[in-house]
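Each chain gets a letter, A, B, C and D, in the order it is written, and its residues are counted from 1.
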Amino acid sequence: MTERIINLHSELTYSVHAPTTILLKVAAMRTARQAISDEILTVNPSTSVDYLQEGPLGNRACRLSLQPGSTTIHYSATAAIEPKHPSNADLNELDYTELPAEVLPYLNPSRYCESDKLGKFAADNFGHIDRGFNRVSQISEWVFNNLSYTPGSTGPSSTACDVLLQRTGVCRDYAHVAIALCRALGIPARYVSGYAVNLNPPDFHGFFEAYLGGDWILFDATRLAPIAGFVRIGAGRDAADVAFATLIGQATLTGKTVQATDPQLVTESPSGEALSTA
Amino acid sequence: MTERIINLHSELTYSVHAPTTILLKVAAMRTARQAISDEILTVNPSTSVDYLQEGPLGNRACRLSLQPGSTTIHYSATAAIEPKHPSNADLNELDYTELPAEVLPYLNPSRYCESDKLGKFAADNFGHIDRGFNRVSQISEWVFNNLSYTPGSTGPSSTACDVLLQRTGVCRDYAHVAIALCRALGIPARYVSGYAVNLNPPDFHGFFEAYLGGDWILFDATRLAPIAGFVRIGAGRDAADVAFATLIGQATLTGKTVQATDPQLVTESPSGEALSTA
Amino acid sequence: MTERIINLHSELTYSVHAPTTILLKVAAMRTARQAISDEILTVNPSTSVDYLQEGPLGNRACRLSLQPGSTTIHYSATAAIEPKHPSNADLNELDYTELPAEVLPYLNPSRYCESDKLGKFAADNFGHIDRGFNRVSQISEWVFNNLSYTPGSTGPSSTACDVLLQRTGVCRDYAHVAIALCRALGIPARYVSGYAVNLNPPDFHGFFEAYLGGDWILFDATRLAPIAGFVRIGAGRDAADVAFATLIGQATLTGKTVQATDPQLVTESPSGEALSTA
Amino acid sequence: MTERIINLHSELTYSVHAPTTILLKVAAMRTARQAISDEILTVNPSTSVDYLQEGPLGNRACRLSLQPGSTTIHYSATAAIEPKHPSNADLNELDYTELPAEVLPYLNPSRYCESDKLGKFAADNFGHIDRGFNRVSQISEWVFNNLSYTPGSTGPSSTACDVLLQRTGVCRDYAHVAIALCRALGIPARYVSGYAVNLNPPDFHGFFEAYLGGDWILFDATRLAPIAGFVRIGAGRDAADVAFATLIGQATLTGKTVQATDPQLVTESPSGEALSTA
């Protein structure tokens, strides 16, 4: 298993008129397959930061107060990723009776993934496909082929059903549709936020994981960047759980830089190869 | 603090044509304030049962396979409840900066509680009320006064927004509206399923908890049964997390009996008194 | 052009507790291609009936008051239909600049046909098909192939978008989806209510018309009965305009018989042949 | 009855890359109470214009083709308005049995006014108010008090139900909510587009009419301009019927000027006085 090193930087500048609390989820997650080092979070002007671990997955969050004026939050770290590369043939869909308890909530519908409404649609379109990695790949491909990536066409309240009708969206919408379709077929699926090498334009990214063969396998229906270059920030039921910034009050984002670079220029994993970093 | 003893019985009979997996959430939760004894789960005809603890709260679930024909699942137990009765004056709404990390997900919108759409509505109607127990009580009262309890008027896909428009629903809808309004105001809130003494007609019940003064305080916008007689089965973001039965396949519910009785005939706690059993 | 004779009967029985007004749209429309004779409307117990012509198309309606107790409304008539059979090759989609003014409102979205939300979906699925009769036929076929006819799966508030997601419905839902897709492509389309020979089970029926080559051409995405046996009651933007019965108050429908018979047993028009009776 | 003279000007500039058809509804309507004179429509560069009368109300529309480049459409006219000022006491709500046939379609739900979903909400909030002008005034006032006028908070697909939840919108949204509530109570109501003296910032305006005492009475839930200074362009079931511009293709609106001036500086009609110009 080769290790991949990815350098992460993000910088957000907010301007507020009154003291405003912000919850940031921009720090990369520490997992058995994703080691984080050289991590620095700076806030300028400096303020105390409350470091949290949230939810069943321990998503990391930083809570801090923005004082009137402009505040810049800079995060940088180095991620060393050793993904698991299970054989596609092993990535079967587990029977419901085999699913571990902690995975079951990822079958439930969530705010932006109304899987309860899509049973027949999912069965009609994907019910005939052999269960397993290939089926989720085909769902991801269907989403890629049937949506247009159109910034501004959706908003923070847009759901998988909205997007299935309008057929446009951005990365979070692509992930929501794929997750809703997976869950409607009985495949546990969840939303992942992160950094992505070679994402263009550079930004935070949203993708998804499906539970196959006992592992959480990464998929990206947008195909905007190679999965091998993804660094996980957090995971959740949908984008509601891993918003990059949650503001308690009014603030204006006046600057944003996001960067994920791979100093070794490692070639990406061959297309169609499954990968897990959870 | 006096202990209250409540006897629980539920019996569900399902008829299936083909082997069908079912996930039941009917067993009462064990918490520091809710001791469960004499617990019996019988399945007739007998089959192996897989006992699970699900989600961050450890909701209990039983997974079993129904064989063709009719299967009856009987559950009985005795709950000994020692609720905490915090003084209403102490039940303040915590500032966002004070909320513990594990509580934060209960501020997020969920499938049936689209709090992200209700910010102005909640602020207009409840923003002027002093923060704390009284404000959540008034939300609960508003839901009681503005909805009509109408079995059959909503379905499994009905959401808080649907119900806010149509103004009818059942216990789960009442809870969803109240939860969505709390979250829209920055008050963590979650859905609780359970048994309720003197619920008429007898059935499982759905109610909600708001996080006040560091405790999860019980509320029931339906007012159909005294809160002091509630026995918690499980809690979650909304009804999606604690469905009494989840069927993987087709089954017909041919019989249902639910009973919660209080052998001591303890009088209920005075109205307006806060109570926590989480 | 051969004339076709169709005998119509319908009988509705309502039970009310208090005087209740009802608006019925069950009388067949008189058009240049649909002559109505031997028309009888009886109300038992008898009451005065207000005969109306409603909307730009002159849909016929009967307004009457139901007195406490049971009231039966019987309608019978003979329709002589001489449809126009334009050549499919002539049934082109008119350019927007060629559409007559009275047709333009049938491009607007309506309550149950949210064509404004379906532009990309319609273009992706039907934009590549040659414009004209064949394209609308393919839309109708797509609706037939992708929906399941499932009584009870939709209700009076279900819209084309709801049905596109859940993929089940009844005749009105099939028509609504097809109409919404046509309008999204710039093809004027409207809802038609009527009687249908050989509809099984017998009932009123809902279908649609698209404006092609200067005529309103009939389509039925349900394929439940031959178009040649349709008798028009009324047309409108969607089912809201031609409800068979609108009740101002509470009433229970206690009996319903609908019959359309073709005494000559005329064979239906060959499949794929266009037909207009507007 | 005093006549009021209002001068109208509007100028729209569109830029297109390919020939694009546009349907404009900017010309003031001619009615018994609204005489139009000195009407000029100029298109620069000049092109042929197709003048249409659309729908049951004869809404006027101009259909023309924009050629690549920039096109400016200027409209000016003088409206002489002699409103009817019925006594409020005469403006009763007609019983359903008294409503003329041509008014009945304005009881139906429409794309942006889902009155079928709001029966209980409307009855709970306005059912206890005496029927007639005062009740519609209170509906209009409720809309004014409960919505915030927030440009950009809604879009072309926003409906009365959406707006009732989010509680923000612009003039069309205010009208849609009021119309939906009226219809839900059995009061025919329709959308009116027009010019408005002293509207700030100047723009086209949207308001509504309710059918009371046999007349279509004007209301404006936004209170942004005096009703006495309204000049009607057209009316319809909702904004879908009277969009100022409908584009068949892509175009960019690069300039827009709308002006309605009252050279006599007539003071507005006293608040609370009913007025009909239909």
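Basically, a residue touches a chain if its C-beta (ideal position, glycine included) is under 8 Å from a C-beta of that chain, and two chains touch if they have at least 3 such contacts.
Small disclaimer: the values here were computed from a predicted structure and weren't measured.
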| item | value |
| --- | --- |
| Required minimum of steps from subunit A to subunit C, each step between chains that touch | 1 |
| Each chain counted as touching subunit B and subunit C at once | A, D |
| Subunit D against subunit C, contact positions shared by both copies (same if over half, else different) | same |
| Between subunit D and subunit C, distance of the C-alpha-averaged centres to the nearest whole Å | 30 |
| Separation of mean Cα positions, subunit D and subunit B [Å, integer] | 47 |
| Approximate Å spacing (C-alpha centroids) for the pair subunit A, subunit D | 45 |
| Subunit C residues counted as touching two or more neighbouring chains | 117 |
| Every chain pair meeting the contact rule | A-B, A-C, B-D, C-D |
| For the subunit A and subunit B complex, residues of the former touching the latter | 21, 23, 50, 52-56, 61, 63, 65, 95-97, 101-102, 104-105, 108-111, 113-114, 116-117, 156-157, 186, 237, 240-241, 248 |
| Residues on subunit B engaged by subunit D in the complex (per definition of touch) | 117-118, 120-121, 124, 146, 148, 161, 164-168 |
